[in-house]
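Two complexes, one shared chain (chain A), two partners (chain B, chain C).
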Partner chain A sequence: MTFLSRVITAFGGLLLTHACYSAREHTALQSLRAATASSLTSSPTVSSSLPLDIILETLISTLIILVGLVLGTRPLRPIEWRVWAGKIEREGEAGFTDGSGVVDRDYMGNPFSVFESRPNFVDIRKQRKEFAEWVQKGGAEATRYYAGGTQ
Partner chain B sequence: MAQPVLYPPTQLSPAAALALSQRAPTILRSSPSTVSSSPFSALFAGSEKSELWLQYENLILSCLRTGDENAARQCLQRLVARFGEDNERVQALSGLVKEAEAKSNSALEGILKEYDQILSESDTNIPIVKRRIALLRSMGRVSDATSALVQLLEFSPTDAEAWSELSDIYLSQGLYPQAIYAMEEVLVLAPNAWNIHARLGELQYMAATAPGVAHGSYQKYMAEAIKRFSRSIELCDDYLRGYYGLKLVSKKLLSDGAKATKLPEDGEVSFPDTKTIERLNELATAKLVEIVRHSTAHDRGWRGYSQAEIAAAQELLSEDESAASGIKR
Partner chain C sequence: MSSEQELQISPIVQESLMHNSRTLYNLQSLTASLFGISAGILGLESYSGFLFYLVFSLLTAVLFYLVRVAPSSLAAGKSPLDTSRYFRGPFEFWAGGLMNGLAGFILTWTLLYGLVRA
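On to the complex of A and B.
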């Protein structure tokens, strides 16, 4: 999806550059023609506008760039509270990861989980004891499995 | 997997905590060892990020848990270098490191004295007050911890975390009405917290099924539990914990039969009728089956549930099935 959007945006940019270049060339040509015409005939020249194809190219290329950029945005966040909360519970981190595998910077899981985990009241000695027991019970085995699973 | 270390690690599983603390040396190496607070250096060295300090705090917690005190000390040193010894949060963190390293009870008493010393200078140092309460509780002096916590809540009544801790202390003592009251205070402060609604429902259920509870209060607790679990589901689609609780409570009520669901005399409690409870039970069963099916199949977008919770839901469902087949026979 991101690759497609980049290709589309780049193509639109190319078209826009081409349109700008054409417009510049056109005005240069016009002024040159006007200068030669005035030196030859000294009659007032008609002011000419850009040809239709350049105008169309500019508009269409802008549209294409817009489409490319819109396609490349992240999926929108749910607006309804219960949908958003459900997404956190159901999908976890995976629901807030963009195409390249980076978790959203402001994703923090359930924001109210601190009321249950209470980090400021943490009983660190109990946690250490529990961790030591877990290691003794063959937690290292599980860790190896865990580390292998995430790679 | 380079996830940010931005949320408190107390809820992580032991394996995840170990993985996090094993990443500590890399994180310590990749971030600058000192960040000057002078505005001139900030002009040249780029802006400092608040995430960095949060990361250090969380690293300290998980490194202490896994016994990697060196890394914890390094993190603490960096925090001290940036914020100074007198910062309240840094004081609490250094107290935490000392607690973790304390070998004997007398060392813990010494730390407690230090906390008292700090509090005698300024008794509104909330991080230290919290540490002191946690230490008291950890040392088994629960009544002291409770009175200190009540005192803290008297001058800081909007601290939801403290109310939640109070509820947990009361629960550990088996004082269900008090625990429920404290948890309700948390809900007043965070009315959208779906996990707190589910937690309150669990407390009500525990209170209802505790031995020696009167019939009237049993009904009151069960009615409240149903309400709380329903609210948590309302706030969060596909909330496994909420549906699990709802199923548990409605199943219990249905097995009690019609007499239990009769309205009590005082009429204070509004109790849903049997038909509603049956429908709630069906809904919870259907949802649980759906969640378990998707999650065990590792479907895309259903991978956020913890394995333990899924296993518990499976067990509850299989109990239901075996009961149903028993009736048929």
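On to the complex of A and C.
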């Protein structure tokens, strides 16, 4: 997306530069013609408006750059807390990237992560029992393994 | 329902609000300078220049709405042209750019007008 928007913007900038140069040349030519016409004849009525193609080129290149810039903006974030938190829960980091897929620096992750790891609510006795069981089973397996290895 | 009660019921994320406003502000300042360049090339004067700026900044808002706001906002069930998913008030979104970019617009407008016409 970012690459596409840069290409579009650069193309529009090229067109706009060309339009600017054309307009500059046109006015220079017009002023020169006006100077010679006033010295030769007595009718210095020279239209100072730009030709239609330069006007069209300017407008179209402006629109092209505008589209490129709008495509290059960063994605917005929902401002309501519930929508925002739901988006984080559903999409995670993928929902908070800029156009080229880099995660935003101020992405702070799940706002409720505090509640998901509360040390005060850890059942330490249960965990100790599980660990003891694991050690017993693992120890038995290990001894069997080593016994098998030595035989 | 009072707005304070509303905020209590559905709180607002300040970081997201600032991120969205900054994104919009950056776009508006950039495009305002761009419109100044085109207005200078076209050689617009007085009211027509400001009218040009008005039309094109509204066009910017519409394009930004179509590209960034509309897809997710309409999917979430908001009515068309409703920006309340990402911005607090409609005024900030649709008309905020007029004030933000005016200085940049006049700067580049006069500069390019002088460069092209002088």
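In this section, the second predicted complex is superposed on the first by the 101 of 151 C-alpha atoms of A that agree within 3 Å, B and C clash if a C-alpha of one lies under 4 Å from a C-alpha of the other, contacts with A are read in each partner's own complex, and residues count from 1 in each chain.
Definition applied: a contact is a pair of C-beta atoms (placed from the backbone, for glycine too) under 8 Å apart; a residue touches a chain by one contact, two chains touch by 3 or more.
Remember, it's a predicted structure, so these values are computed and weren't measured experimentally.
*Asks:* Looking at A:Val83 after the superposition, I want to know if it touches chain B, chain C, both of them or none. Which is it: first, second, both, neither?
*Replies:* Touch partners of A:Val83: chain B and chain C.
*Asks:* Applying the document's definition of touching, compare chain B and chain C: which contacts more of chain A?
*Replies:* B
*Asks:* What is the contact status of A:Asn110 with respect to chain B (first) and chain C (second): first, second, both, or neither?
*Replies:* Only chain B; A:Asn110 stays clear of chain C.
*Asks:* Pick one for A:Val122: touches chain B only (first), chain C only (second), both, or neither.
*Replies:* first
*Asks:* Applying the touch criterion given at the start, work out whether A:Glu91 contacts chain B, chain C, both or neither, answering first, second, both or neither.
*Replies:* After superposing on A, A:Glu91 lies in contact with chain B but is clear of chain C.
*Asks:* With the two structures laid over each other on chain A, which partner does A:Ala37 touch: chain B (first), chain C (second), both, or neither?
*Replies:* neither
*Asks:* Of the partners chain B and chain C, which touch A:Ile65 in the superposed model: first, second, both, neither?
*Replies:* A:Ile65 contacts chain C only, not chain B.
*Asks:* When the two structures are overlaid on chain A, which partner does A:Pro75 contact: first (chain B), second (chain C), both, or neither?
*Replies:* A:Pro75 sits against chain C, while chain B stays out of touch.
*Asks:* In the overlaid three-chain picture, which partner chain does A:Trp134 touch, first (chain B) or second (chain C), both, or neither?
*Replies:* A:Trp134 contacts chain B only, not chain C.
*Asks:* Touching A:Arg24 in the superposition: chain B (first), chain C (second), both, neither?
*Replies:* Only chain C; A:Arg24 stays clear of chain B.
*Asks:* Taking the two structures together, which residues of chain A meet both chain B and chain C?
*Replies:* Common to the two interfaces on chain A: residues 81-83, 108.
*Asks:* So in the complex, the part of chain C that touches chain A is made up of which residues?
*Replies:* Touching chain A: residues 10-13, 15-17, 19-20, 23, 26-27, 30-31, 34-35, 37-38, 41-43, 56, 59-60, 63-64, 67-69, 72, 76, 85-88, 112, 115-117 of chain C.
*Asks:* Within their complex, state which residues of chain A touch chain C.
*Replies:* 16, 19-20, 23-24, 27, 48-50, 54-55, 58-59, 61-62, 65-67, 69-71, 73-84, 106, 108
*Asks:* Along chain B, where are the residues that touch chain A in the complex?
*Replies:* These residues of chain B touch chain A: 1, 3-4, 6-8, 10-11, 14-19, 61, 64-67, 92, 96, 99-100, 102, 127, 130-131, 133-134, 137-138, 160-162, 164-165, 168, 186, 190, 192-196, 199, 234-240, 301-305.
*Asks:* Going by the contact rule set out above, which residues of chain A touch chain B in the complex?
*Replies:* 81-83, 85-95, 103, 105, 108-110, 112-128, 130-132, 134-135, 139, 142-143, 146-147, 150
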